[in-house]
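What follows is chain A paired twice: with chain B in the first complex and chain C in the second.
Now for the complex of A and B:
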């Protein structure tokens, strides 16, 4: 690497963030793992409840992101107004963000390097499966109500899918007569998917229907008996793919997704820093980070749970969940550029 | 500088004195940690619990409930409802016959073991928790009849007796056996709040049977009749509930009866 490249703000920030975030994240992982083992829940199958360990995976990721946010905001003087040395730097860094973008990239890269082992090795230690499967949410028809008056529901898949398990989780309405659980037969491309029927009489019931691997392009639910009307909105019918994906690749993709809260937090720091002093910028950045990690806003919470449950994350639905956060962060960056340009005049 | 050092030494001495006087136990430290973490974590723990109910399986929902109730160790109603939901879970469609009964038995054992563990922190509500534990085997067998064969000698009655005997020893007196049927309303409300209509119906069924324990026969007949009306309503049968609405002991269920 050339001397000029090593003196780039991104490299400086990367080094600084790695130095400050690696050890606290490792310590948090050790503490979280100990707590996870100490507070092991009493359940019938620990493997089925790995999704409940998501808080123990999110803790070290939060610590890492927190360390990177604080380090970056303290390190790069132009991320807050009226910091010592900022006038000199403003003359040296001529870009629209005065090097804040480079500092942000360095922090993201450092966090990615720390999160990669957390999302792969540490997640496996917490019980994340070594393989992942695609979970496709089957889009609901226009009127997703299955009742005695409308005993057939058709679901068309966007593209034929090779699957080996179907999960149904409808919402139940009040019975239309004396309570009798509704029995539903599932048909795939015109043929019954399983010999048994699925029975539902209240919301929250989940029925898993395993079957031999086959390609499915359309599903039909037929109400055979019962008085409980069932709603099947999008998300209540889930097709599990037969193909096995790498758990390691899934972990690395999670590490990438874990950068989204950090990106949004630093983007907001960049925006606030154009006009506000250091304490305000720190409060804004940490607040945004808290809401997007511990608070569960954004795609990270679902992704952590998906990783621990063995859901393949590289799907369009996960990408769709990321779009609002990415747009929010990008808008904050554009706002920061405009504010800084105005203040330069 | 010297004054600062003295202050630190004095503070450390006071702290050591306080610790030696109070002699804190591990449970105290745990309670303190849970008290400190509660405001920051509880809203998100609830959100995670709700998310698990929408997208997780029964094991995950119960694991999340345990995380939540670790922060609220004295909330015995919550313990009873979540344990009941887990024990009464419909199980796997693929399982049939003995395999299904064995799974139900395992869930019941786990739920009772967890409630047993919760007793230590239940404080003055321990007796109520024991009454609810005495209820659970009855309801579980009503839900999964094959379970009866897997229970220890004496079946649900012996299990209930065990918990009620402990409650009596704790000072509840013989009235604890009669009380069981009256607890059903609160328990039923909790299950309906959690969206578990089937569990609530099982509780009502067991409470109707248990109303036979009440020595005042007039009271028992009236109580049992009201429980039957509520049960019929939840089953979707046309029912005149005016007698139930006139009975304020059923007030917790009113939102589900209108």
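Now for the complex of A and C:
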């Protein structure tokens, strides 16, 4: 009873959440790993197979977040209206949210501590690579169709990038004559990127073009032969960075990203709890969590897949995906502060 | 005597679907320091609302409230004024020492001071044996005693209590009454809402009677109950001797109100049984 840290609501919530979330998350990881090994996905390449295991990584993360949401809402009485004992805390606890923010921080920290080994060790066990690379999606031109009538496509990069691999995955259209695979040569800044050409005869076919590390600022695709028109929307041309990043750091960054659904769910609980009673608050929080994890809204789904496929997550595009969720959560918190101030009158 | 609580034209009303409901009609009140004041009244008479306004938890619809010369919502009053609401304690998965440590930290007490006071109150209120048990597993009486310990932890100048002895056994209730008497003697102003009329009669210097949000009566027990007259209670006389005493009293101009067989109070029986070992169990 002598350490000051154990007297703060954030630490109390952290302890409660660790007690209730760690074991279920571990159990979910064991079950998910067993199922992942048992039901090998039917995909073409090893990298794609690893990416297809993303749901097995998301299961224990979801279980952890779910436990933390329920524990926090039940533990801190002011997260729902008209809970017994609220008057005690409303008098004692300073701040516009009367400790709800501290409880939220404790839950996030607990979830981060549980998710860190899941996103590093457990993800590696699922096959996540030990190194990560930057994957940059090259923006498509205005009319991204490569065909006999338009045999040249130009792609401009926002900034020069140092890479050593290009991945092409176009959509194929019906052939314009007898089927003959389209052969595409890739030019980078006016010079051929590789000696060989890429061949496509079906839609969604992925071709990897490795090359010696170099900086690229513009790409050109040239149709040399074939009758299959190819459509290159944004996302179908990907430049892989030459630099190797730590897979462990990538896992830790994923653990951070995994807190976004929990943050948004608890922020909505804070907002709803200003006026609604416990069952409604729990339903709102768990509903938001479902939408942001199982429902695939927010950055988590893409980040899980990226981690398993060795994509370096600390990039502008991942951050850009996080912004709407973070804004939504912050707005809910501000709304909760305003509602709670009003409801005291 | 310095004024601890000053209330002027205080009114509180709540909006409901049926319209506005007045929980407290305009009320004026001044309470001096070091007094124990009881608030009596039927359910829904405004007792808890008055306490919540004084605790800064309820903003009044109109009127002015000052405690220790500060507005009721002044942050400085968080420590100077303690409020023990009725009902279960929050954070039921903490132990009693953890709960008191949390309260002490929120009141800004140094850890050592908070821990020492918590230990003393736990012993005084016979909660030291609860150990690491979760508060939510406590009986309602234990929760009441812990709530009082939490309220007294910051050594406030004003103590607001809502049903401080409900759920307590007579012995626990006696301990609480004794503590309140000591605190009042040390200068603490105590305002308690209660349905236990005997307890209010026993320890309160003054009583407020609320009904329908209106202050119906206020004063000391002597003023309200008219107990100025002296009376005589005798024991050890037989029936004839009592008759003679009654005649003598009547001859002197007194009035014999009733004669009855002396019997002990239930409280005495309870205390006696509590001190006797149960057969087959060591005390």
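Keep this in mind: the second predicted complex is superposed on the first by the 317 of 345 C-alpha atoms of A that agree within 3 Å, B and C clash if a C-alpha of one lies under 4 Å from a C-alpha of the other, contacts with A are read in each partner's own complex, and residues count from 1 in each chain.
Just so we're on the same page, a residue touches a chain if its C-beta (ideal position, glycine included) is under 8 Å from a C-beta of that chain, and two chains touch if they have at least 3 such contacts.
Being a predicted model, the structure only gives us computed values, none of them experimental.
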Partner chain(s) touched by A:81 [first = chain B, second = chain C, both, neither]: neither
Touching partner for A:92 - first (chain B), second (chain C), both, neither: second
Partner chain in contact with A:209 - chain B first, chain C second, else both or neither: first
Touched partner set for A:55, first chain B, second chain C, both or neither: first
First, second, both or neither for A:7, with chain B first and chain C second: second
Which partner reaches more residues of chain A (counting touched residues only), chain B or chain C: B
Which superposed partner A:187 touches (first chain B, second chain C, both, neither): neither
First, second, both or neither for A:278, with chain B first and chain C second: neither
Which of chain B and chain C A:201 touches, first, second, both or neither: first
Chain B/chain C common contact set on chain A: none
Residue ranges of chain A touching chain C (in the complex, touch as defined): 1-4, 6-9, 12, 16, 75, 77, 83-94, 344-345
Complex contact set, residues of chain B against chain A: 40-41, 44, 47-48, 51-60, 62-64, 66-67, 70, 86, 90, 92-94, 103, 106-107, 110, 113-114, 117, 195-198, 201, 234-237
In the complex with chain A, residue positions of chain C that touch it: 52, 55-57, 59, 75, 78, 83, 85, 87-94, 97-98, 101-107, 111-112, 115, 118, 150
Touching residues (chain side chain A, partner chain B) in the complex: 39, 41-46, 48-49, 51-52, 54-55, 169, 174-179, 196, 198-199, 201-210, 227, 235, 294-296, 301, 305, 309
